[in-house]
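The data blocks that follow each hold one structure.
Both complexes below contain subunit A, partnered by subunit B and then by subunit C.
What follows is the complex of A and B.
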């Protein structure tokens, strides 16, 4: 497993806090992740039900279970990354490198890093309807940055693709500078986004 | 990145030509092409072992053919 120090922001006082960005995470790590996150997911769901929050405002990854995604990490094309701070997993991402190809015209058919799953810990979710402000921010951006770096390391020039949950569409389009390519009927009609090599260069430059 | 090991690969002219063509077309080093091929082969093999099938589909011609992987 590889580790590097990164900074995430504690929302309560906007302070930068050291965290570890881990690469090469293993299936057993995902069992630990879900062990930490599942109880918090349940609490969030109870609060949403108690407050009568309509379903369209529920976090769209509320039903995810990282234990079920763990076998994927046994394949060569899969890689897992995570951010740990305060001895807890603050965010996790799974990527694939062989089964998805660029769709944008200039690099159509060339390989890219596909972000299969990316989620931040439930205690970092911002849900105003139940007064949740989230403990840390900046985790999703750091994980996405890692996907772009992985793409460069693989020789894919920073190209990244993913299908976004509707609530995450603005993050990927405006926050990460990705291009919305189109809805994918084979993926629950989710919007497919892609980061071209030029957009990757811009994204990394802006992040410096 | 994980530790890497080196190996010598013996290819026929036709295989080397195909590797060079793919390398150019996909904008990848020859090593990266072979790495991608291995990842893809392992992924396909693992899904077929789980009982899944692999198909090629031509949407325009409305044709769908199963790929037999041994």
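What follows is the complex of A and C.
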């Protein structure tokens, strides 16, 4: 497992604070992460129910519990990164490097880094209806930035692909500059996004 | 674990801008693995619901039976019944194209309605208005007909012809 230092933003005072970016995360590590996240998910769900928040405003990953998928996780070949701060997992991403290929015209058929899973800790979620502002900011952005860097390191020129939950679509299109390619019936009709070589160059340049 | 390295993360200015976009979304989750494991709630099926409703209305507006539309479009009767009756039915690109030809609609825009490509704003907005005003009934009410005609107008305007 590799480790480096990145900075995330603490919402309470907007200060930049050090966090560890850990590499070499395996799918089964999600069982450990879920041990931290599941109790908080439960609290969030109770607050949403108590406040009568309509279902369309619930985070669409609220019901994810990887402990129920333990046998399947052992068979997955993805690997990835996690961000740790305050001795807690603040976000995790799993990627694949040999299973997906570019669909956008210029680089069609060429390899890319596929983000199989990306999620931030439930205490970082922003849910105005129940007064939740999130403890740390920028976790998802840093993980995606790491995926683009990984793509460069693999010799894929920053090409990245992923399927976004509907609530996440604006982040990947407007924030990350990805191209929405189309809905994918093989992925429960999620919208597939891709970051081309040129878009990756722009994305990383903006972060310098 | 190896020795800690220097901070090589992106600039704070970039992170603040990105974090603001993150904050405006309810989640920023990537769900490929969740979809593979059947963990994505059925939240992306509105396109199919609208598509099925549109095909049924367009067929009835032309006075066609399911069998007649199937013959005209060279599509199986069972597939059309599935599209019209089941909200989670996902049509193939060929079926969408054939139905568009048979019903004199723009194949490109009908593909957007079916959710097989990203819908442009004008199509999305018209589809939502249509969905809000229509219910599957035996005959078209005046309000349903108006909503349908407005939707069809968007689907044939500037037809891309394919």
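In this text, the second predicted complex is superposed on the first by the 192 of 208 C-alpha atoms of A that agree within 3 Å, B and C clash if a C-alpha of one lies under 4 Å from a C-alpha of the other, contacts with A are read in each partner's own complex, and residues count from 1 in each chain.
Throughout what follows, a residue touches a chain if its C-beta (ideal position, glycine included) is under 8 Å from a C-beta of that chain, and two chains touch if they have at least 3 such contacts.
Owing to the predicted nature of the structure, the values given are computational and were not obtained by experimental measurement.
Engineer: Looking at A:127 after the superposition, I want to know if it touches subunit B, subunit C, both of them or none. Which is it: first, second, both, neither?
Structural biologist: second
Engineer: Scan A:67 for contacts with subunit B and subunit C and give back first, second, both or neither.
Structural biologist: Neither partner.
Engineer: Among the partners subunit B and subunit C, which is in contact with a greater number of residues of subunit A?
Structural biologist: Result: the larger residue contact count on subunit A belongs to C.
Engineer: Regarding the shared-chain residue A:153, is it in contact with subunit B (first), subunit C (second), both, or neither?
Structural biologist: In the superposition, A:153 contacts subunit B only.
Engineer: Pick one for A:88: touches subunit B only (first), subunit C only (second), both, or neither.
Structural biologist: neither
Engineer: Tell me which partner A:111 touches in the superposition: subunit B (first), subunit C (second), both or neither.
Structural biologist: Only subunit B; A:111 stays clear of subunit C.
Engineer: Once chain A of both complexes is superposed, is A:10 in touch with subunit B (first), subunit C (second), both, or neither?
Structural biologist: neither
Engineer: I'd like to know which partner A:183 touches here: subunit B for first, subunit C for second, both or neither.
Structural biologist: second
Engineer: Which partner chains sit in contact with A:141 here, subunit B, subunit C, both or neither? Use first/second/both/neither.
Structural biologist: A:141 sits against subunit C, while subunit B stays out of touch.
Engineer: Looking at the overlay, what does A:76 touch: subunit B (first), subunit C (second), both, or neither?
Structural biologist: Touch status of A:76: both partners.
Engineer: Once the two structures are superposed, pull the subunit A residues common to the subunit B and subunit C interfaces.
Structural biologist: 2, 76
Engineer: Where on subunit C is subunit A touching in the complex?
Structural biologist: Touching subunit A from subunit C are residues 1-2, 4-12, 14-16, 18-19, 21-45, 47-48, 90, 115-118.
Engineer: Using the touch rule from the top, collect the residues of subunit A that touch subunit B in their complex.
Structural biologist: Contacts found on subunit A: 2, 24, 74-77, 97-99, 107, 109-111, 153-155, 157.
Engineer: Applying the document's contact rule, which stretches of subunit A touch subunit C when the two form their complex?
Structural biologist: Touching subunit C: residues 1-9, 16, 18, 20-22, 27, 57-61, 63-64, 69, 72, 76, 78, 93-94, 114-120, 125-127, 134, 137-142, 145, 162-168, 170-172, 174-175, 180-183, 185, 187-191, 206-208 of subunit A.
Engineer: Can you name the residues of subunit B that touch subunit A in the complex?
Structural biologist: Per the touch definition, subunit B meets subunit A at residues 1-2, 25-29, 32, 36, 38-40, 42-43, 46.
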